[in-house]
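Take this structure first; my questions come after.
Here the chain labels run A, B, C and D in written order, and each chain numbers its own residues starting at 1.
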Amino acid sequence: MTQSVVVQVGQCGNQIGCCFWDLALREHAAVNQKGIYDEAISSFFRNVDTRVAGDSGSISKGKICSLKARAVLIDMEEGVVNEILQGPLRDVFDSKQLITDISGSGNNTGSGLGTFLLKVLEDEFPEVYRFVTSIYPSSEDDVITSPYNSILAMKELNEHADCVLPIDNQSLFDIISKIDLVVNSGKLDTTVKPKSLVISSAGALKKQQKKPFDAMNNIVANLLLNLTSSARFEGSLNMDLNEISMNLVPFPRLHYLVSSLTPLYTLADVNIPPRRLDQMFSDAFSKDHQLIRADPKHSLYLACALMVRGNVQISDLRRNIERLKPSLQFVSWNQEGWKTSLCSVPPVGHSHSLLALANNTCVKPTFVELRERFMRLYKKKAHLHHYLQVEGMEESCFTEAVSSLSALIQEYNQLDATKSMPVPDIPRLSIAV
Amino acid sequence: MSIVTVQLGQCGNQIGFEVFDTLFSDSHSSQGLCSKRENEAYRASCKERFFNEEENGVPIARAVLVDMEPKVINQTLSKAAQSGRWKYGQHAYFCQKQGSGNNWAYGYSVHGPRHEESIMNLIQKEVEKCDSLSGFFIIMSMAGGTGSGIGAFVTQNLQDQYAHSLKMNQIIWPYGTGEVIVQNYNSILTLSHLYRSSDALLVHENDAVHKICAKLMNIKQISFSDINQVLAHQLGSVFQPVYCAEGSFHYRRNPLGDLMENLVPHPEFKMLGVRNIPQMSENSLAYSTFTWAGLLKHLRQMLISHAKMEEGIDWQVRPPLSGLPPLGKMPLNKELHFNTSIANLVILRGKDVQSADLEGFKDPALYTSWLHPIHALNVWKTQRAFSKYEKSASLVSNSQFLVKPLDMIVGKAWNMFASKAYLHQYTKFGIEEEDFLDSFTLLEQVVASYYNL
Amino acid sequence: MLPADCSRRLVAELQGALDACAERQLQLEQSLRVSRRLLRTWEPAGTLAPEARLEPETKEEDHSPACTPGPQDLKELELLTQALKKAVLARKVTSKAGERAKAPSLKSGSFATSPGMTASTPSWAPGQAGSCASEAKPTRGIRQTTVPAKGHPERRLPSAGNRARVGVGARATRPGPGLRDQHVALSAAPEAPESFTLKEKGSLLQLPTAFRKAASQNSRLWAQLTSAQPRDSTNATAAAKTYFLQQMQTASGRPGPVLSAAEVEAEVGRLQEACSLLRLHMKEELSAAPTDWTQEYRCLLTLEGLQAIAGQCLHRLQELHAALAEQPVAPCPVGRPSRAPPPCGGGAGPFWSPQLLLYSSTQELQTLAALRLRVAMLDQQVHLEKVLMAELLPLVSSQEPPSLALCRAVHSLLCEGGERFLTVLHDDPADS
Amino acid sequence: MGRRRRLVDPAAEAGAGALPKVIAALSRSLPAGPSPEIFRRAKFDRPEAPALWQLLFRLLSPRSADGASASLALEAQVCLVKSALRSQGYPRLVLAQLPEDGSRGSRELLLALSWLLARGPLPEQLLAQAHVQLGDEIPVCECEALASPGPRVPHVEAEGPVDIRCVQWLMGRLRFRWRCLIASQQEQCTLLSKIHLYTRGCHSDQRLGHLSVAETEMLRDPEGGQQGCGGGVGQSLDLAYPKSLHSGQVPEASGMMCGWCACGWVSAHPPGSLLEMQPSLCTSCALGCFAFQLLRRLERENTGLEAALEWRRGELVFWRWMDTVLGACPPEAPAAATQPTFLPRIAERGLGRLELAARELRALQEELCEATGRRRAAWEARVGGQGRGPQWSSARQALQKAVEQELAALRWAWEQDRGPARPHGPHRLVRCEDEAPGGQHLRAAEVIQALRSQEACLEAALRRLQGQCRQELARLAGALPGLIWILPPRC
């Protein structure tokens, strides 16, 4: 099983990360009841004999001794990381996995350091795929320079990431509201389930106040959970993480994937009788279920992946693809642009779930908006001096970043332009007979 | 003579298991409807071909398992071991911790060369266990990355190292609607490379087998395991022992050689399709009786009308009047419905097999004009029944069966290639545009050759 | 479509090659069957040989009479078979009784048992083969051999060797009363069957004496015949033969010996070989870079010499052609013409001489055998290549414009050994 | 054995009884040799022709004298004898004019037989070809196979034109057949080697050390009869061979011979020919016992050998007698020479081969002509200005002489057929892991070396021919505009 290392950077990154580790542990605990350290667990956890000092304590087989997450926690403030170290997950990390500083970097650790790391990783491990889950600020973001940070980060993401799953806070917030509505509407026969993935008892972090952030982080953690499930568990149609980039990224820079999770109530700890399986597939393509504000159904698909968990067979998958295909628009050269995977282990407490990843031109508006906000600020050269103080930072960095983004937008534009045009088949090689 | 099977990738390993399991169960079934002695000879023949000397009474499959991730291999090994009836060799597998990620180039240019020595050593060890080696079965998917890329690489190596041994690649043709997005690229690269290094490509289309599961086996929720079982059944029905010749009671020693000599001598025509009849769920089987005439009539119509199973055959399709050249007088659309054969192999198993009449397959109108049915039709028989079917017939056909799917794949890949989509994923690992063009050229020729039979 | 005569020639050539191959395969398969049978567990007479088991039961009866020697022999065999069956039965009973619950290596499916497992007949150890008293015994029964084996003071070996001797001996003297005794002995004292495999006990086998005698006489006679050869050339006999041949020639009314077809073929073969040798020599000569004038001159002379020889060869060939053309052609109903008579027909000399070829390992043997086939195959390929060239190249170049399909096929056949093929594309895809 | 041997030394008994005895010896040493009385009557051209035709047929077509052609109609036998004799250069045309029904010409046939006997040691050759093979024999050359006579049974030949793709198809089949053959042969090597290994120390002949397949088989299955005529062998043949080929002798023969060498008929025995056994007898005669059979055949061969020795000793008497036979013949009419005669089918294949050779030679000559022309010109340009002293001329003569010698050696190489160094003929295989048990036996390694060089030569020849074709076709391709030729990638 392919092993992966999670690098969680910044406050947001660390919060989501820890939520992910918590959920992953529960999932494995539910499946692996004998407590054997197996291939599945080894994909994201090391098994360590804590009595042995140094690196030699790793155990490759047998009983689980002490699991350590394959993770590196990075933040420039101590707060969040300290919080983790005092929480229930403290045993999953050891001190060697933590990098903190007290200097702080003013709300840009994730975007700045995180994206810088991409370049470092690329140089060091060129063969290893780099997936980035990046949270895009909403327009009402309280950090005034966030457009600058975002645009600079975008350049790094453009150049050094293999795959980016953009997520915006606004969408997460909307989804939370929807779940609340469903759960609280009382129309459905809901019961709270004792062992499911409960937001409120997620436990990784203090639960003094039920901030929407926790719920939002939980969604992202679930995204990661489903994304990696096929790498972590068995299935009749496995999908390795590297297959995602291979299948969904037709051109090196167009590696932004829109994700949607269904059914959404799997994210809540409620027992709702499953609707028809097919509904799950329909939902995945609806605007409401996207983790970014976008409407894939009315934009152009370059490629699409369906990652299914639970008791779903290949025939269900094929049937739904056939059913949904007519309503979706795929780029002319990739009319069958579907990548599918089946993981036999469903999320804890549910029968099945689906994660859809789409390489779709619908991400474009997010980028356009980002650029607009940046330009608004940049025209006035507002707050620019904060950046230019930093050694190595020059104004050209900004212009390069914005042109990189513009080029990306341009690529999407060109694809969109082909949307309504009938594309004739390109003449093939002609055999002389 | 023995055959060494190389199972590659998830698909290859899952199917490989089912194939061995089918072969084993069938040869150990007491329902062969023949004498005990004959059954023993049948079993011995099957064993010599596919299994090694037993270890503590458990035969060991003559197979090498290769995958770039351990999950499927572990699963396969333990499934076989748990059966308690047969198993895989203790050290006959090779796996790594990183898959090829659906990238043919990664499998072919990175994994292949990197692990060449280990894999070839494993194969050699397996070969050394055979008193006599007939050839290799290489089971792989066409679209994945590991199976297809490493499969193509390994086949090429086998061609270099065992030039005289026969190589048959069992290829799984992906769903037309896609399971891997770059499947058309991977497919053309796989096919074109195999066309250079393999002797025959025995193709199973996922779509076709899927339909068989749904329509004939009555399976509601079809799993890959169901599909693989049907597939293994088809392969078993071809490669289980059959008599040497009419009236002979010796089993064929080198069926692989006989098959190839009769079906794929021409370098441009190497793609084989399999059809079999009857195929049904065990429940329905209990209430069914068959006659050879009925089975063969259906099988023939399946052949000429390009049907993938016995249900939904188009009975309107008729062979062109003999004497007329197949092209020309016929309206073009009509023409396309008729499936022209180059060569066919019909395998009959079961009761009263000697009474089966194969005149229907000897009609010259079924075949391309340049080959006489004497050269083009081969029949194998045994009265030993196969897998619970009192009578069964299989057909391995080198015909236009696959030309349309191939045309589709080449066309789609070409479209993608023309927009240069995904190419960077391949050039990253050394497969350049030139290589793609070579593949396109070769396959366009194959398509044209098949169309112009 | 190829022209009819070209078609006929090519198809005949290829069919001939295919048939020759099939014939070799057939022979190989026969000897393979024998070898495989030898390596399997030897089941004693009376039980069915493994091969026979391949037959369906219904066929069983039809088969045996075909090889039954005669009424007398038939009767004997019948008796023997019965004896063996009883032995089997008795053994089954005893083993069921639990006395020998674990008989060694009795596999299901093979109801193997050994005949002649009685201790009553005199034992005979192969180790003392020299004192082979058994030859004197006129019985055509089965006697057994005891072999001192580890741990078993009286371990029995179903010695096929001995049985062979018996069979052989029986020819000289027709069966005596032994068989009936045997019968009694067999059914009276069945013993545990022992499987005999070549692998385990092959080295205990012993050839029968009568056979050894005949074989050594055979080689002595061959040696005599070979050495008698010089005597053949004693003046009188040789002269008489020569005279006879001359008389025949004279009486035929023709001046000199006529060139025979076989001779022509042989000579053509030689000339072909000459051609390739000349070519080889020319290549060497041309590839060498002369450093001084002597070498340069020598090279020039050699090339001129080669040219002259080539000319002579060609001339000779034309003569042969003329000679052939003179002879009218009449077809013959049977047989195909053979190529030149084998240079080593029945051996380098006229006689068969039992020379030895030593090999040291299976691998070496395989290499040797594979190389022999490889040489034969290459020779055939070269021959076919020439035939195809002669037939197809003129065809391709005479067509105007040449058919692309033909060109492609010809390219594949002539340049790629038929294994690969080329593709011809229109230069501009839009043109098509 | 129908006839008891009466060994008499003819040299000691020169006189009236000598001739019949010598002829009787000859008869015994030949397959199905007729009685001396037939010889005697043939001298007077009495109607004994059919027996003699049959005899000649067996002598001249030993390889096809198995079941298939032994049962040929007399007419066919006559035709084959005529053509075979002709192709060997038999001088008398009278033979050709004998009636096809084989009814007449006994004296002419006697002459033909004698002609064959006079040309070489015929009985010995026949005995050698048919010798009982006890060892696992392998010819160390491929000469025999290369001179393959082709199929015995006429098959479906192409009627009318065929498509080139059909030729490709047949070619492909041939490649597969070779590959299967190689696989089977590798298996046979493995098994053979095992048998040799397992029977180590069993052979009474110290040089051999182990048993051969035939010997082991004899021990394995002495009572073959009970198991259905040698169990597998007889049975299998029955099914594998076309029915017409089946004679009881064939299974026996191939069952015991190695056959493994795949040289086919090198070791194939003309069934029963030497053994005075009619094929029709075989299925029902006392074949039951394999060992018995083998021994009997060996003994018969010994009888044949003894007879051949006897014949050798006394043949002078025969030749003197033949003079009288020849004297009784009327001389051939000179007109016979102009009459149309038969000829074996040399035409198609023979002429084709001749043309091929001529084509090759012509091409070579052209190349040589061009090369020499260039060299000569270059040479003349070089020496043009230089003086030519006596030193020069002596050096020149020395060079000329050296070159002449070299070329003579070259010419000798093909005129002597093959070099005598290369091993030929069948050998008995002996597994011997350590040093040879004395004697100058051939070693596999030496044969392998010889074969390798042969292989290299043939490969080079093939590549050269293919290269030639490539050039030719490339030239053609160049003449076609608007097309791109994409060659398969070279592996």
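Here, a residue touches a chain if its C-beta (ideal position, glycine included) is under 8 Å from a C-beta of that chain, and two chains touch if they have at least 3 such contacts.
Since this is a predicted model, take the numbers as computed values, not measurements.
Interface comparison, A-C against A-B: more C-beta pairs in contact at A-B. In this view the innermost chain, defined by its CA centroid being closest to the centroid of all protein CA atoms, is B. With centres computed as the average of Cα coordinates, no chain lies farther from chain B than D.
Computed centre separation for the pair chain A/chain C is 71 angstrom, with centres defined by C-alpha atoms.
In whole angstrom, the spacing between the mean C-alpha positions of chain A and chain D is 80.
Centre-to-centre separation of chain A and chain B, using mean CA positions: 40 Å. If you average the CA atoms of chain B and of chain C, the two centres end up 36 Å from each other. Shown for chain C are the residues that touch two or more other chains, namely 29, 32, 55, 404-405, 412, 416, 418-421, 423-426, 431. Residue positions 196, 249-250, 253, 267, 441-442, 444-445 of chain B are each in touch with at least two other chains.
Among all residues of chain D, those that touch two or more other chains are 162-163, 165-166, 168, 170-173, 175, 177-178, 180, 182, 184, 186-187, 190-191, 236, 240, 483, 486, 488. By the touch rule above, chain B contacts chain D in their complex via residues 1, 131-135, 159, 164-166, 196-197, 199, 244-245, 247-250, 253-254, 257, 260-262, 264-267, 368-371, 374-375, 438, 441-442.
Those residues of chain B lying in contact with chain C across their complex are 34-38, 40-41, 196, 249-251, 253, 267-268, 383, 441-442, 444-445. Within the complex formed with chain A, the chain C residues making contact are 404-405, 423-426, 429-432.
Taken in their complex, chain D has these residues touching chain B: 156, 162-163, 165-166, 168-173, 175-180, 182-184, 186-187, 190-191, 236, 239-240, 486, 488-489, 491. Residues 1-3, 39, 129, 234, 236-238, 240-243, 245-252, 302-303, 313-316, 318, 321-322, 325, 332-340, 425-426, 428-429, 431, 433 of chain A are the ones touching chain B in the complex.
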